[in-house]
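The following blocks contain the structures, represented as structure tokens.
What follows is chain A paired twice: with chain B in the first complex and chain C in the second.
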Partner chain A sequence: MKVRLFARARDLAGADTIDVDLPAGATVGDLRRLLGRRYPALAGLLQHSALAVNDDFADDALTLPVNAEVALLPPVSGG
Partner chain B sequence: MSSALPLNVDRVHLSSQEVARYSRHLIMPEVGLDGQKRLKAASILLIGAGGLGSPLGLYLAAAGIGRIGLVDFDVVDFSNLQRQILHGTADVGRPKLHSARDRIQAVNPEVQLDLYETKLTSANALDIIRPYDIVIDGTDNFPTRYLTNDACVLLKKPNVYGSIFRFDGQASVFHPPQGPCYRCLYPEPPPPGEVPSCAEGGVLGILPGLVGCIQATEAVKLILGNGEPLIGRLLLYDALRMSFREFKVRRNPKCPVCGDKPSITALIDYEQFCGVRGQESHAPAPADQQGETTVEELKRRLDRKEAVFILDVRNPPEYAICQIPGSTLLPLPELPQRFGELDRNREIVVHCKSGMRSAKAVQFLREQGFTKLKNLKGGILAWAEQIDPSMPKY
Partner chain C sequence: MTETAMISLTRDLIDYHALTEQVRRPQCGAVVTFLGTVRDLTDGKVTAALDYEAYPGMAEKKLAEIERETRERWPVGDIALVHRLGHLEVSEISVAVAVSCPHRHQAFDACRYAIDRLKELVPIWKKENWADGTTEWVHPTT
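Take a look at the complex of A and B:
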């Protein structure tokens, strides 16, 4: 599964995209926790970021479909 | 989907000069005379006359919006000019609203401008927003974004949202119950300091031009009742990849503001909600003051040739602009991996640009057992102001 990072998340993880292997039936919340463990610098922001699964924002309870493309969108404040 | 605003155009008249001015609109079937009258009958409130507010103010005035309100209390600074095209070099030091007024009136004197030279607060937001048909969020901080969102939800005003960071832009139209609000997307703000502002993280000067133009387009479409508004969609612009993507956002029935059973029915304290006030009261606690030093004290000690270790925790592009003589660069994001390089028996004076990041570094190093630490109050900006006026400020 591919996770695309945007804005500040890209800086904190030091990557544009991350490849993740999760067991079938894993949820968005599982993915969030896994990313937090793998990238401790990202952990704080992750809790306050939106995750979109196949271009649709999803809450943590959603089961990730097979081959889902996930986007991690942290909030942005500049104007 | 069209969601035309209830505008009364019966008494709106276009003069010959206005017909000439708006002729390229008038000959388009999507605007036409009726549409141009709608634009003239409409009122828009711009919150912020900065990066996003600049293209918004200029294009909305040029397009013939009848009444534009501007909220900003800032003064033009040299560092604004790279992107805030409402303001010119000669305007540095003037209130932004004054230069905005001059520039917008030069573009289109037909527009009625209402100037609110104040900070938008929970006390004044509802009164300022109420008279307008559309609100455009061009603010540069989380407390004002949440305040704008909540006030718009309470007053049922469409909130045309835009936000920028370095090369990344976001835009959407929040208008419950037709679609979600900002809180449906981001229920709670990130902890203070977690998401840098433009002043801390930088921004490509052109980026707000593009995002502001997207917001202006959405506002005009809402007034015309034409096309598909960005309601329920978050548009993401990535200038580095030069790509646009959109994501579906649904209204959250459990949203505390726009949900089915809202728990927030009046404006709250947004500085507190975003942790800004809490942070102020925590950072310079009295117990911490002994852990601070001033630029004057540091200069005296350097002049006495004392062997002070100066740790600069800014990022490399900032270090390239200016440095305190003899300082060592170790950027804050790398500190958790590299603090072992530091000598914990030696006194360390930590500094950044203005003192926030270095305070975090001091706290982190204390947790690792370092004891001889001092945070440089005011950072390198204070050094440039009080010790070395020839040093460039950024």
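Take a look at the complex of A and C:
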């Protein structure tokens, strides 16, 4: 599964897209924990960030759908 | 005059006059246009410029949701929500919201609601280019 990164999250991870392997049935929370383990630099920002699945904000309890488009969204600052 | 998509992201200058004209309706006696502009000073630090980026598909989807929510709450004649992306200098316009309603209190409230929701949930980020040469993504945590 590919995860898109934005703004400071992209800078901290050093990539705009990362590949992760998660078992079928894994949740958004599982992905969040995996990202924190694999990219310790992201851990602080992750606590304040949202994860989006198929263009909507996703709860940590959500099971990741097959072929989902996933993005890590740090707190937004448009306007 | 080129017609700007009324709910959109753009890398071009925002033609707020055209957007304001596009929302005017005979049944609406009030039009409120909000412009967000690049401020030169934040918490005592001097801004040289801002860079805006978006998660484009989701940002457009959320803008459309905000349009729908606003129309559900007020008798909106029409509404425009346009956010600029890319590199903006001080005083440039980053966002425009224009709303028409039959009466002014409705138009003020609807416009305020739309810009507040935009700042809360549309995946757009700004990066400060401080005058001292450093840069910093803005990620409010409160």
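Note that in this section the second predicted complex is superposed on the first by the 75 of 79 C-alpha atoms of A that agree within 3 Å, B and C clash if a C-alpha of one lies under 4 Å from a C-alpha of the other, contacts with A are read in each partner's own complex, and residues count from 1 in each chain.
Everything below uses one rule, namely that contacts are C-beta pairs under 8 Å (C-beta built on N, C-alpha and C of every residue); 3 or more make two chains touch, one makes a residue touch a chain.
Keep in mind that this is a model prediction, so the values were computed, not measured.
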**Asked** So, A:His48: does it touch chain B (first), chain C (second), both, or neither?
**Response** both
**Message:** For A:Val66 in the superposed arrangement: first (chain B), second (chain C), both or neither?
**Reply:** neither
**Request:** With the two complexes superposed on chain A, say which partner A:Arg8 touches: chain B (first), chain C (second), both, or neither.
**Result:** both
**Request:** Check the residue A:Gly78 against both partner chains and state whether it touches chain B (first), chain C (second), both, or neither.
**Result:** both
**Prompt:** Where does A:Ala24 make contact in the superposed view: on chain B (first), on chain C (second), on both, or on neither?
**Reply:** neither
**chain B and chain C footprints on chain A, overlapping residues** = 6-8, 11, 45, 48, 52, 55-57, 71, 73-79
**Request:** Can you check the complex and tell me which residues of chain B touch chain A?
**Result:** 48, 50-53, 137-142, 145, 162-166, 168-170, 185-186, 188-191, 194-198, 201, 203, 208, 234, 236, 238, 245-250, 333, 336
**Prompt:** Which residues of chain A touch chain B in their complex?
**Reply:** 6-8, 11-12, 40-41, 44-45, 48-50, 52, 55-57, 71, 73-79
**Request:** Can you check the complex and tell me which residues of chain A touch chain C?
**Result:** 4, 6-8, 11, 45, 48, 52, 55-57, 71, 73-79
**Prompt:** Which chain C residues qualify as touching chain A in the complex?
**Reply:** 36, 52-55, 57-59, 61, 83, 94-95, 115, 118-127, 137-141
